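Following are the structures in question.
The following pair of complexes shares a single chain, subunit A, combined with subunit B in the former and subunit C in the latter.
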Partner chain A sequence: MTIENFVEKFAFAIEVETVSLTADTEFKALPNWDSLNALSVIAMADADYGVALSGEDVHSSTTINDVWKIVSARKQ
Partner chain B sequence: MPSIDPAAYSSESIFQLELERIFSERLFIGTTADFPEVNSYKSLRLAKNAFTVRRTDVGFKSFNNVCLHRSALIDPLGSGQRPFRCGYHGWAYDNDGSLRVAPLTDEKCISRRVLSEYGIGQAGDLLFVGLNGSKPQLDKVEAALNQIGVPQAPPPPFHTDTLMQECNWKLLVENNIEGYHLSFVHPQSFIPAGFNTSSRYEWDSDEYTCWSACIPNENTSKLKYLQKLSAAATHDFRHAYVFPNLFLTTTNQFVGFRSYMIPLSAQRTILKWELFELPALLKLAPAVREEMKKEAIRFTATSLAEDKPLVESCQVGLSSIEPNLQLQPAEPRISRFHQYYSGRMQNV
Partner chain C sequence: MFKGKTILVTGATSGIGYKVCLDLLDAGAKIFAVGRNQDQLAALQKLQPENVQTLAFDLTQFTKYSETFASVPGLDGVVCSAGIADSNPLRFFSLEKYQRTVDINQTAPIALVAELARNRKLNAGASIVLLASIMGTKIGRNGGAAYAGTKAALTGFAKVMALELANKSIRVNCVSPGMVNTELADNQSEVSTEARQVDMQRYPLEKRYAEAAEVSSAIRFLLSNQSSFMTGENLVVDGGYCAQ
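So, the complex of A and B:
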């Protein structure tokens, strides 16, 4: 359960190359970011971490690390 | 291409004819979920018709809702659950519309004892009234619903809403049954969801139903994202219209939308709408389901708000001294609608 791992899963969820993302990526500024991407991230948190994210959690986060903080806190 | 006379969008006398010839034959009024228990009712007005639909111990019934005593509405406008009894002086009615109890009255002073009864028809969970007294014809409804993937008994809606539209009901039909306007009108709803004017638009029709599928082109397709959420997902916007007042849509096989019009006058129409979950959505993880429902409410409210100024401006234009109506090949369902409408208006 590392941030690197999470970034990888995040990239897979929204169908971009892993190398194009880091923990500091401001994901909502990505060129094709949309509400469907937010759903994909919520689905990934559920399937891979057993964590229920809300749309609000995703919308209020700026970087991938912000989302990771919520996921890792809820995982414990 | 031939089309309806522009006068038919603002003339009150044509509207009266529509009520007699079209709306009295088949009027969608709600689903069985709107009537959870015996004595659940929905009391409506369609122009000068005041009628109520009730769930009784012998099934769904519809009656004229004007009290035989001094014409109060027996069931107040709206919906709820109450015995079939007038609130003014307590005259109570049986489930066949006959007067059961009239407190402190003299039999000699009561000549009319039975309310007019209207026809009721059910297709799946959808309820229709025949205000002309006959059972509405519904034999084509199920097939139209199958075309767009609406199940026979969908779950109760997760959102319901009402929108007042300052326009003729036919303008709402026409707006609903073409995809030509998508790129111009829907920057916050259809376009970001991948649907636009150049999306593929397939359609077909039966006697009084028609349906379509709007399928994004390769460059706006989000199918791979959607199928990651569920293998049952599609990327399409499917639409069915049941003449004269019911619309159903399905989006990506996740979200169902049901909406119906109650015309108040030639230039004013109430649009009621609700959203329900389709089987593929019910199977998603709760967090994903919740967010998709929220997004569906936002999408629908936004797209209706985007359409509203345009349909209302058509109302102004069609009521002006120089109205125009030149249908294009890109609007085949509208032509079909005009054809069917004209036929119904002639056949008395």
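So, the complex of A and C:
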């Protein structure tokens, strides 16, 4: 359970290359970011980490690391 | 309008189903309320103990339908309102989530109506209302394939049930709302408050979601004799969303 793995899974969820993202990427500024991507990230957290994220969690996060902090905190 | 009528309502403990129960009681009906939340069922019964029968039952327990519904009295109406709306986007498709949605939203209504019809629990002139949605027949929404599919299925069921039950003067129709201010909508936690506000702006009529009462009134219309020559139909209640 590392941030590197999370970035990889995040990239899969929003259908971009892993190398195009880092923990500090401001994901909502990505050109392909849309509401389906938000749903996919929530579904990824559920499927891969067993964590329930809300739309508010994603909306209030700026970077991928912000989302990771929520996921890792709830995973514990 | 419903004095002396007995109407079974599924999903009776929350949202639209609960509102339908309250409105039917106000209109003089007796109700047979089916739900999973025992506390809510007890609270409903306390409102008018002489007019409310309750049944705590998980509608996905299909093998128990025969024994469970044997005690149901002759019915003048059925409202199938129980439903769930789990987000299940294709990229993380869960067969388990999908099957649960199908069981509750799609299989339960037809299994229930079949059980009641087979055991002659539906009085001549009865009216059945299935709670469908504009999702499926009119629009799609990200992550909602299972929900859309099950709700579209209900509109198909209504047509076939209408034909099969017409010889007993039993009518079957659907009501298809857009988004409604209920716990089901509130529990869609994957949608942020901001996204919901933006979505409301897409509803031409007053830029808002429907209230449960506005869907309940359409259901009561279809239950009543005022719709006595309507069957196999789908009544859309969406504030003009699909007119765009």
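Methods note: the second predicted complex is superposed on the first by the 76 of 76 C-alpha atoms of A that agree within 3 Å, B and C clash if a C-alpha of one lies under 4 Å from a C-alpha of the other, contacts with A are read in each partner's own complex, and residues count from 1 in each chain.
Just so it is clear, a residue touches a chain if its C-beta (ideal position, glycine included) is under 8 Å from a C-beta of that chain, and two chains touch if they have at least 3 such contacts.
Please read these numbers as outputs of a predicted model, since none were measured by experiment.
**Q** Record, for the superposition on subunit A, whether partners subunit B and subunit C clash or fit.
**A** Clash: subunit B and subunit C overlap once superposed on subunit A.
**Q** Touch test for A:26: subunit B only (first), subunit C only (second), both, or neither?
**A** neither
**Q** Name the contact category of A:47: first (subunit B only), second (subunit C only), both, or neither.
**A** It touches subunit B and subunit C both.
**Q** Does the superposition put A:38 against subunit B (first), subunit C (second), both, or neither?
**A** Touch status of A:38: both partners.
**Q** Is A:55 touching anything from subunit B or subunit C once the two structures are fitted on A? First, second, both or neither.
**A** both
**Q** For the superposed three-chain arrangement, which subunit C stretch in 20-28, 38-46, 56-64 or 110-118 runs into subunit B?
**A** 20-28
**Q** Residue by residue on subunit A, keep only those touching subunit B in one complex and subunit C in the other, then list them.
**A** 13, 15, 35-36, 38-40, 42-43, 46-47, 52-55
**Q** Given the complex with subunit B, which residues does subunit A contribute to the contact?
**A** Per the stated touch rule, the residues are 13-15, 34-40, 42-43, 45-47, 52-55.
**Q** Touching residues of subunit B toward subunit A in the complex: what are they?
**A** Counting only subunit B, the residues touching subunit A are 192, 222, 224-226, 228-229, 284-288, 290-292, 294-295.
**Q** Of all residues in subunit C, which touch subunit A in the complex?
**A** Checking each residue of subunit C against subunit A gives 87-89, 91-92, 94, 142-143, 188-195.
**Q** Using the touch rule from the top, collect the residues of subunit A that touch subunit C in their complex.
**A** Where subunit A meets subunit C, its residues are 12-13, 15, 35-36, 38-40, 42-44, 46-47, 52-56, 58-59.
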